[in-house]
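Each structure below appears as structure tokens.
Two complexes follow with chain A in common, the first pairing it with chain B and the second with chain C.
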Partner chain A sequence: MTNTREITLTVNGTEHTIDVEPRQLLVHAIREELDMTGTHIGCDTGNCGACTVLKDGEPIKSCLMFATQADGSELMTVEGMEDLPEARGDLHPLQEGFREEHGLQCGYCTPGMLMSGKALLDENPDPSEEEIREAISGNLCRCTGYQNIVRSIEYAAEELEEVAAADGGTTVASGTDTSSADAPSAFDSEFDCGVENCCGGPTTDRNHDADTGGEHK
Partner chain B sequence: MSSDSERFAEAEDGGPQPEKHCGHGRGGMGEDVKRKEDQRFITGRGNYVDDIKKPDMLHCEIVRSPHAHARIENIDKSRALDVDGVVAVLTADDLREYDLATMPTLMADTQDVLVNDKVKFQSQEVAAVIATDRYTAKDGAQKVVVDYDVLEPVVDAEASLEDDAPLIRDDIEDKEDNHCLDWETGDEEATAEAFEEADVTVTEDMLYQRLHPAPIETCGAVGDYDPGKDKLTVHMTSQAPHIHRTLFAQVSGIPEHKIRIVSPDVGGGFGNKVPIYPGYVVAAAASYVLEQPVKWVEERSENIQSTGFARDYDMTGELAATDDGEILAVRTDVLADHGAYNAVAQPSKFPAGFFNIFTGSYDIDTAYGSLTAAYTNTAPGGVAYRCSFRVTEAVYLIERMVKVLADELGMDPAEIRRKNFIQPEQFPYESSTGWNYDSGDYEGALDKALEMADYDHYREEQQRRIDEDADKLLGIGISSFTEVVGAGPGKTCDIAGVEMFDSAEIRVHPTGNATVRVGVQTQGQGHETTFAQIVAEELGMDVEDITVEHGDTDTDPYGLGTYGSRSTPVAGAAAAVASRKVREKAKAIAANELEAAEEDITWDRESGEFHVAGAPDRSVTITEIAAGAYMNHPSSEEPGLEAVNYYDPPEMTYPFGSYIVIVEVDRETGEVEFEKFVAVDDCGNRINPMIIEGQIHGGLAQGIGTAMLEHVTFDDNGNVTGGDFMNYLLPTSMEIPNFETGHTVTPSPHHPIGAKGVGESPTVGSPPAIVNAVVDAMSHAGITHVEMPMTPDTVWAKLDEAGLATDPADSISLEFEDQSSDTTADD
Partner chain C sequence: MKPAQFEQHEPETVEEAVSLLESLDDRAVLSGGQSMVPMLRFRLAVPETIIDINRIESLDYLEEDDGWLTIGALARHADVEHSELIAEHYGSFADTAPLVADPQIRNRGTVAGAIAQADPKGDWGSVLLAHEGEVVAQGPDGERVIPADEFFLLPYDTTLDENELLTELRVPTPAPREGSAYHKLKRKVGDYAMAGSAARLVLDDEGRIEQAGIGLTAVDITNVRATDAEDHLEGERPSSELFKRAGELAAEQSNPESDEHGDVEYKERMVNVLTQRALGDAAERAGLVKQRVSQ
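== the complex of A and B ==
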């Protein structure tokens, strides 16, 4: 099984060209070829979400995709959060939220939760509790009972709003501006829906019009 | 209840007595210190077993049996060995050469590491393929050809005890049946008498179904033998690294000082990572033989199908009472399924764990319990899933039975509890099954919970819905549980013969900060923060100046590990006692620094400083003392400032609480929705309220999983039908409601800081509250019990039985009869 293919993955803004077997799962490529072990594996059926990363802005379960299928895409993992502009050289507000609100215990689900949280807030900067619960419903946590994870994401939403306000009303968050497909992104990628199992389309789709308040159906 | 004034005074000798404390702003006891461990986890820098990468590391894949019961006739490795990159294929024959073909379970049964002769459960370990990478190892595993002579399996405990059941354990000499063990407790005769004389008796059958702890990280290990140093390091997902080192030494014959167990970051344990599993042994053995690091990490389905399950107690409960609700006696009989080996994880002198605490929070004169355990063709287990050794089953039994009795007598379930509670002045209290409860105020916790839940209002609302024949019924469930945690003492509790003490070592460095090493290990409980808080409190240091290390047998003092909520009660006590030892020595150094007599030096908890009695301005801080210890030590003392304590608890601790769950039950669909979930806990003095609340939330969520969703199921052929996350359902953010938590504080009188341990209370206490709530919604129509997990179809069947169901079948059948009509259920 030595037949391999060369693929290019841009992870957290850095381009990597690697040789992978066609059957290698994206999560293994990230963890084992690129040595970014922040993304975890918790199941073999696509149920747990520990492996969640953003692919071209959209949260995906990286255990449900071959690395070759991600060829040419922009990926974001937990390791990239501190480099985002809204982290302002420190922790991203989501990371801060998880610490402030005790949104983690063993920490195993946390990177996936952060990614799902990021995708949600990119799309919907002011989510309701119900929307947060829905956004993380594909991420299992055995430790926290979710309540503090919800609070953590709420904390981040507030922080991000403050960051945006401090910047004179223009958002620095990548893609928090849902009304424009040209919103500035950390890695200059195109923006799309950002919600798993949704339409998969860009944020300018009619379902994602700012008027709908970020509702997903 | 929660005021600091109730705390105990400091003991003269600094010995194990609760002390009073309060927040001093240094991150000591009672402060919501943000967790030290979080930084690495939120930035993706955690280091879990599967993150470990070593040069030349090989990967291990285990070949598992598709059959539940089968004799192995032949194993052909040749095709696997032909796969490019496969380095070795191991079977029992290979392990036998190193005397590693079997391993002892924690209950001294003998389990095959790789099947020696006969497969005893589906997914049992048959062979191991070692290869250069994960994928190649899997390729190799697929090419191992095993010839099985398939035997009839038995996966049900009752069926396995029948005369004609297939014999599972023919490896045990003279064994002729599947009987595993018998156990009893209490006074059978006196209990029988009480039942004869009682005004009222009630009985109920209930199954505490088979669960799996299912931490999100599965089990795994990296065996790393260093031939240069002749030392075997095993990085493994271990809740008890020291005891695992001892067991590894015993099994392998490698001297214990040549073995190092490292338990790095662990992604949740919940009892799953207490036992030793074959995968660990294989990875270590393969590394030893091949002289290369070998990684083994199981997949989720392997985790659920082959590692320690929990519960599986089929119980009958009985209560005898007077007409006005005074409980006179409790009796129970249990059929326990232990799986293919007796591999329950509990102190060896307690074959049924602490199940005999089934008298619960009540002053019951007479009790009798009996238990029979059986072998079945299922994975071995009976681990304490977030539970102090079967206390979960015991609490479920008594809390369910109290509700059954209340309904029988037409009494309010809160009232009947109040009537029977052990009263605060009765502590220390000895139960009729021999437990010495340390302290409690059960009514205080219940009252607080009732108030938080707005109990009276919901009782009225419940009646209104019944009267108005509403679509959704309301149910109110109560559980007033008592836990027993913190094993030792060593004289009664052991793991594989080692006494259940625990330890802490403190080293104060010359510049005034400290490293603390503990014998317990964290899997998310926040030890790096809470243990630092204990030491900060006891030494007047800032919590920021303390680093807590754990999980490495080469550097940490010996301890028995984290499970059974024993970290705070045992290692927490050790940290406090070790701190006080440091404090004693610090006094001598302070005397030297302040040029005063040592007897004149006092320590002020508030300021954290040492000063001359009567002259508070003549004082030194711990930082100054640390410098003195290394740079100007008094001639009466050794240089340095360190202490270690091995703490053998005099007794266990007894946290308690009252949970109130209010549910809506949909009469058409059988769906249950949480309207309100109140949890009042009393874990004695509180170290970090934020972390405690987090533990409560997490445990309640697990309790909801237990009550509503989770069940490891089998078909008649022994196939695991609930063996992955598609079929073994963990609750998601959509099923878990918001919890309202409250607390009371009743310190443990024998614990140095008056703390009791809390992690397991919510998992132990919540399932009966939830079931009681669902039953309560239907008890006016005669329903006395609903089995867990209470899936909509289970609940609907009960609604139907009680004549309460509004029948969706009607509308469904209408739809079938008339495809064109747009029929939906009546609404």
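== the complex of A and C ==
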């Protein structure tokens, strides 16, 4: 007895029509039918959040929902992040944040963390640390200890604010602090921390930031 | 594990759902799925047919109606969490919603589904009991209203008939001097309660406790009322001494089991403390309501 049903899922803006069994979980449909393996499966119980995707803008655990229940909805997965306007054709500010602030180690939890982070920043562009921790409370990370994940999302919030300001045509003038609070104060001098891929440190040249989308390249 | 094969129906009205319940043999209702999907995956539930009620739009509401706060079967935990009506007038609901599971689960799981699930560790049962709420069910013979006190039987077992659909939960709208609160102890964020206590107090004009409701989480085979503590409170003036004794009585009446989270003595002490805290907040909120009314 295999009864399948045709459903339509719009994933990252692209419409897909697929046949699924009623028992097909959304996470399996995304990974196995649509071949998008960025969304991870970390548990069988709805506890870990690795499978988090956005359904009509809200974060949900795609292992706790049948694919048929998402028929007709708009889904977003980690694969869609680079195509968002605020990514400016490169990494999304959230992804950039995770890279800059070392928000991942093994990376298993990262797609889910990014989705929870995205849902938070869509609702609340300037979250407090407590609000960030609450927003990722359904996502487990066995590696990082969460500190750097919180910093990564803070980084993205600041970065997104700058992108918004740049898009709005206003010069970004607020404050001197871009991300790291304990950055050296010798802003004017050339900065190199010695690590390969050093981001060059904070700059006081605000226009440089606004024009090129940041020097962290 | 994948769930076993099943047939699926997606009724769009309550009538359709009820007639499916009546006509089909081996079937189960699927609501938010946040308990049901894991049960299907572990094959603890292997129904032939799933009746997914998520497309019954008429069940998606959370509003005050004719002296009741009414919660439709499709109101999600997150709807309660983000409701202004709840934030302003229903302290215990506002306390509970953000303490249930995590943001993703709250976006899908329903309050009614949690009540139907009847997990003794579930939070909403205690709130419903403390408010002396009711469960509304639709069956082949029409509507049936079940007082919360008569709803929970055993872990995962209720007096809901298998032909019935739970359509609504309701609690009386607050009296002028009413306050309520919920306190929950958990090991870490997102967990089920190790113990929890919901309290509701209604004060009379003189500031005496006219009505008290206390519901306990995770310390008996179902969510239970702490009736000895309630009796002790009624007719008295709120005070920390009074609440201390009520906490002791709630602990004495509770029936926790030792497990990896703690032994019986520890849990009883937690019931005592959580009940005192919930009563304290409820009393304070009952006072705040008075201020707002008298302004």
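Heads up, the rule we're going with is that the second predicted complex is superposed on the first by the 167 of 217 C-alpha atoms of A that agree within 3 Å, B and C clash if a C-alpha of one lies under 4 Å from a C-alpha of the other, contacts with A are read in each partner's own complex, and residues count from 1 in each chain.
The definition used in the following text is that a residue touches a chain if its C-beta (ideal position, glycine included) is under 8 Å from a C-beta of that chain, and two chains touch if they have at least 3 such contacts.
Just so we're clear, the structure is a prediction, and the values are computed from it rather than from any experiment.
Novice: Give one of first, second, both or neither to describe whether A:Ile18 is in contact with chain B, with chain C, with both, or with none.
Specialist: Touch partners of A:Ile18: none, neither chain B nor chain C.
Novice: Considering only touches as defined above, state whether A:Thr45 meets chain B (first), chain C (second), both or neither.
Specialist: Both chain B and chain C are touched by A:Thr45.
Novice: When the two structures are overlaid on chain A, which partner does A:Asp35 contact: first (chain B), second (chain C), both, or neither?
Specialist: After superposition on chain A, A:Asp35 lies in contact with chain B alone.
Novice: Using the superposition described at the top, determine whether chain B or chain C touches more residues of chain A.
Specialist: If we count touched residues of chain A for both partners, the winner is B.
Novice: Considering only the touch criterion stated at the top, classify A:Gln69 as touching first (chain B), second (chain C), both, or neither.
Specialist: second
Novice: For A:Gln95, select first, second, both or neither according to whether it touches chain B, chain C, the two together, or no partner.
Specialist: In the superposition, A:Gln95 contacts chain B only.
Novice: Once the shared chain is lined up, is A:Ser137 touching chain B (first), chain C (second), both, or neither of them?
Specialist: In the superposed model, A:Ser137 contacts both chain B and chain C.
Novice: Please indicate which partner A:Lys61 is in contact with in the superposed arrangement: first for chain B, second for chain C, both, or neither.
Specialist: In the superposed model, A:Lys61 contacts chain C only, not chain B.
Novice: Return the residues of chain A at which the contacts from chain B and from chain C coincide.
Specialist: 1-2, 21, 23, 28, 44-45, 47, 133-134, 137-138
Novice: Please name which positions on chain B make contact with chain A in the complex.
Specialist: 34-35, 37-48, 50-51, 53, 84-85, 134-136, 139, 214-218, 265-268, 270, 299-301, 523-526, 690-691, 693-695, 697-702, 724-726, 730, 732-734, 736, 738-739
Novice: Which bits of chain A are touching chain C when the two form their complex?
Specialist: Residues in contact with chain C: 1-3, 5, 21-23, 25, 28, 44-47, 49, 52, 58-61, 63-66, 68-69, 116, 119, 133-135, 137-138.
Novice: Looking at the complex, which residues from chain C come into contact with chain A?
Specialist: Counting only chain C, the residues touching chain A are 1-8, 10, 30, 33-34, 37-38, 40-42, 50, 52, 54, 78, 98, 101-105, 107-108, 189-190.
Novice: For the complex, which residues does chain A have touching chain B?
Specialist: 1-2, 21, 23-24, 28, 31-32, 35-45, 47-48, 50, 77-79, 81-82, 91, 95, 98-100, 102, 104-111, 114, 132-134, 136-150
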